[in-house]
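Reading through the structure tokens given below for one structure.
Should a chain be cited, it is by its letter among A, B, C and D, assigned in written order, with residues numbered from 1 in that chain.
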């Protein structure tokens, strides 16, 4: 059954190829269905792998597929690593991916109408299937190079999907710019990963995970070796900060919200951005050898969690709040793996995939509801001026409760899960991370607690702004619920978000031995996992803080604003600091000043001054010099044959005279 | 007669048959002329496949033919051809690209078609000859022989500043090869033979290697082009007709890198070891500089031309890693660059035929108007940017991996890896300016998408781009024995130097 | 002074005078006629030197055919005289004359310093037969067709090419 | 007998006059005639040496020179005719296309 694992990639790949070449001929309905089937088939294969693993006593298996590169002593193959870690990821990716494919069937049909190019419908599924294939290559890889193929492949899909409406956005170029930004920033991370691969190969002589970890078990590191391993892990971290949107490379993710909402849910929340956490977890053996790097990883995660949280509280775009929330939650996971709590990190990764996908998808449902409302309301009232507001702006929403009977509930579940209220999934996984931090690094613990407080607060704010109070626009007033194809995946995800905590529930007697945790034991076949005892203080503190944050949100936003132009109550509370938060600490501007502008200037300088003015000019001047010498001599060339003959005669006479004298 | 009908002679000389036929045809029968040239080029490609079939994966020169050519006193040159793992792929690349380039001129060239095609076929003879010649004099003759057809392709069928560009191209390359000629003559007169295998077997003393290395290196460095000798390239590319650019980037630049492998590494290993860090620095500067300058270009073709400087920097870096990884990566990257950049120039040519401009500011939003064009362009751009799964990545990764532990410092590889980021920057910028956004220029609104002929031109290239990206092993296998022998020779030289 | 020497100097004066006449004549026709005179005197020298065949060829081909061709072209073009005086190439005539004098002087020096006897008068022929045989058409013909048969054949090609060249060059473009 | 050097001296003088004609006259036809004069002076040298060394090769060479001269005149006069057609002049001063 293990030999079926290539199919997990081949099904989406086949879907990609079929839709890429024949999407137009197939027509929208069949193209979408094909893509969903491909994703579903991949999920089934992943389930089969789970069964196969169970039958194998959860021992890891390597499934070689084909030769790839064999140059000198260097060798990598196309091969899959099937273990509990990769299968966990496969299940999440293919599972959530399938649900989002289904959702996209309905959502994109409306989206392409709204954006005025229905012909682009199949293309979306082309990209989405390619993404699934790449992501599954990433998680299934048994070596760094193959992981890198998936790593850049998902980056490409992210680029394509952010730029799906490449002619939209600010000045018609905003989306395309966002896509380019995402790819380039990711490439900076990839640069780190690339260097890490070189170092690993030349230090340990292999890029295959199993061989590498085998060698690491016996390796004795001297000072240089220690330095190299630290360098490797830090470079891997650079890769992870790029893909998982951590400080300092997180800047692409908020802009990536330019992509259609299913993309935000699948790629920029549930799966791709967690690749960094997966990669670090996969390389836990390496990281274990570099404690300083672990420290750095943990601090970057914690800092990102808090930093992104502060920005999220002041955003008004419904998807941007979720984007910064994603960055923050990814920070939690990175912090967890940095603390060595790999299981906690993976656990949060899984639950986060559920509830953040749910939040994004229901946000998409809300957005389309408002869009429909705008179209209707505009038709009713005949007023077009107000209809031109941004359908994603929460300031123009409000009062949607009751209008969206399914979306409202699933959104609430997602929000509370994210806020970390028991007994929802987010509570368990976040609590696990906090517990690890509490035990290992109190400073990080308090940073994470602050971040958790902010999480609950901005989710409360979002809930209140979107669903409660008075509708602040005609569009919101006329909003209607989405079709079943959209809401069904929402319901499934809501159930997963609600009961996801059970994944890592203590196994009370069911399997015979108490005190162990389900996911922990499952993953312990791939990574070391320590079982920490339940800590009532941590659990209580996080619950109380979540409730307090929600309460604060209610105090501030409970009496909803009447119009969209009202001042944000938080601004009154925070004063000028609010402006900083709203403008994202001016990090984009800072990077523009520090990196983008100098780069452009340098490039222009190199092209104009250095290349045309320097190199080219130098050689042209050499040519000109020859020409000038020639022109100087040419003044003796009057063009009259007689003068030339005279000079010739002069020469002849001179030669004759020379012979006479020399004799 | 054996010599005349041996595989390598026919591969080299078959285009001449087409030239003769073209000479006897009337200039007005344009379509017939094109068919004759295309058929000739395709048959030549078939012959080169025959050569591949006869080629066995082993070190050393194969299918060798040798016959005295001329003899003046001590000066004896042979007609001496042979193929090994280093040259076999380059010959195939040449014979593969020429039919595509000829087919790309179907509508683009309407002026003096017969002469154009003759120049093209003659160019093919010269290029294949360079890759196959084992006699230094023969090599030099073929080397200079490639110069003239290209000079005419640029100078007659080129753009507005064609005379300037053609002259610059000619003077640059010619100036470099003069030094090579001196070195060749010196070698032949000192050792009594111009035969490369014999010279390699004999080995040269370290002292003479140094200046001979420099003389050869100058000729090749201009052709590659190595920074800062590159400034002829953008002009030549911008003015050359599309097919000329395809061949110029696809094959002619490889003559330089091939020369480096064959002569500078093969014949002067000790000097190569000594100069490796120096050329490594130039390669890295070329990579970063080419990428930076490329990003600032306003003309699509110029952008692609400067990207060649960057990409060939990778090749040079791989070569002067002097280990099997770097060498094989560099050899594969030569092929990759030929495919990807050839395709890039075709793509730029397609839009130029439609709009008669290549200024980026004139475009925007073409994805909406020409979806097939955009999709194919995207694949080619990504291949050029080194996306894993496509050919560019395999080459670049192998090169960088080799260079990390090469004779240059690992920092070179690290700095060169920055070029991978920059490649994404300028290629995505190109894609952004051409294809994304709204259609702002009304002139672009009604552009027809690619015709079947144009797609058919790109498809063979794309197939190879994906093939090499996913399963490059057959290509590596072909070159492995030859490269291993070369690398062994180099490491022996390194021991001698240190 | 023998009668030969007197004749030589007389003819030499005529030859040089004719050459100078050609050089200085304003009218091209006069020049051509002076040249004919020069060629004729040189033919006499050929006779002195025991080359009767060459002397005949000189008169018939050079003085006859070629110079007639010259005259013909001059008449055809009506280019006996140039219209405007020369304005370009200052210093050309004096420089030329100076160099010509230097040249003659150098040659003179050379002959004066040539080894004793090397440029002295050649020995006279022993018999009248010998004098008649040397340079006779028969002797020249034998040398030409034995030793120099290949160059002779090549000259025929040269003439052919000259002929074709003349035809091609004078063909009127407009009549194509 | 007349010494060979006398002939050579005469030949040198005739040659110098020919050169002077080529270099000073602007009339292409006269220049051409001067060239013939130079050739002729060379012929004289050839014949003088043939007599000196009693070798007929010298005379044969004169024959060849005459053939060359004949061919040259044919082509040269044709050139002059062609140039006159296009320039309406045979002045060499108007032919300065070689100017650098």
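Note that a residue touches a chain if its C-beta (ideal position, glycine included) is under 8 Å from a C-beta of that chain, and two chains touch if they have at least 3 such contacts.
Just so we're clear, the structure is a prediction, and the values are computed from it rather than from any experiment.
Judged by contacting C-beta pairs, the busier of the interfaces A-B and C-D is C-D. When chain centres are set by their Cα atoms, the one at the greatest distance from chain A is C.
Taking each chain's centre as the mean of its C-alpha atoms, chain B lies 62 Å from chain C.
The geometric centre of chain A is 38 Å away from that of chain B, both derived from CA atoms. Inter-chain spacing, taken between the CA centroids of chain C and chain D, is 7 Å. Computed centre separation for the pair chain A/chain C is 98 angstrom, with centres defined by C-alpha atoms. Residues of chain C in contact with two or more other chains: 88-89, 92, 96, 99, 103, 107. Contacts with at least two other chains are made by residues 19, 23-24, 26, 93, 96 of chain D. Counting partner chains per residue, chain B shows two or more touched chains at no residue at all. Contact annotation for chain pairs lists A-B, A-C, A-D, C-D, with touch applied as defined. Looking at the complex, you find that chain A touches chain B at residues 20, 66-72, 74, 117, 145, 148-149, 151-153, 156, 159, 163, 166-167, 172-173, 175-177, 179-180, 183-184, 187-188, 190-191, 194-195, 197-199, 201-202, 600, 602-604, 606-608, 610-611, 615-616, 618-620, 623. Looking at the complex, you find that chain B touches chain A at residues 168, 171-172, 227-232, 289, 292-293, 295-297, 323-325, 328-329, 365, 367-368, 375, 382, 387-389, 393-394, 397-398, 400-401, 404-405, 410, 413-414, 417-418, 420-421, 424-425, 428-429, 432, 435-440, 470-473, 476, 480, 484, 487. Listed in rising order, the residues of chain C touching chain D in the complex are 4-5, 8, 12, 15-16, 19-20, 22-23, 25, 28, 31-32, 35, 38-39, 42, 45-46, 48-51, 53-54, 57-58, 61-62, 65-66, 69-70, 73-74, 76-77, 79, 81-84, 86-89, 92-93, 96-97, 99-101, 103-104, 107-108, 111, 114, 119-124, 134-135, 139-140, 143-144, 147-148, 151, 155, 158-159, 161-163, 165-167, 169-170, 172. Looking at the complex, you find that chain A touches chain D at residues 630-631, 633-635, 637-642, 644-646, 649. Those residues of chain D that touch chain A in the shared complex are 19, 22-24, 26, 31, 92-93, 95-100.
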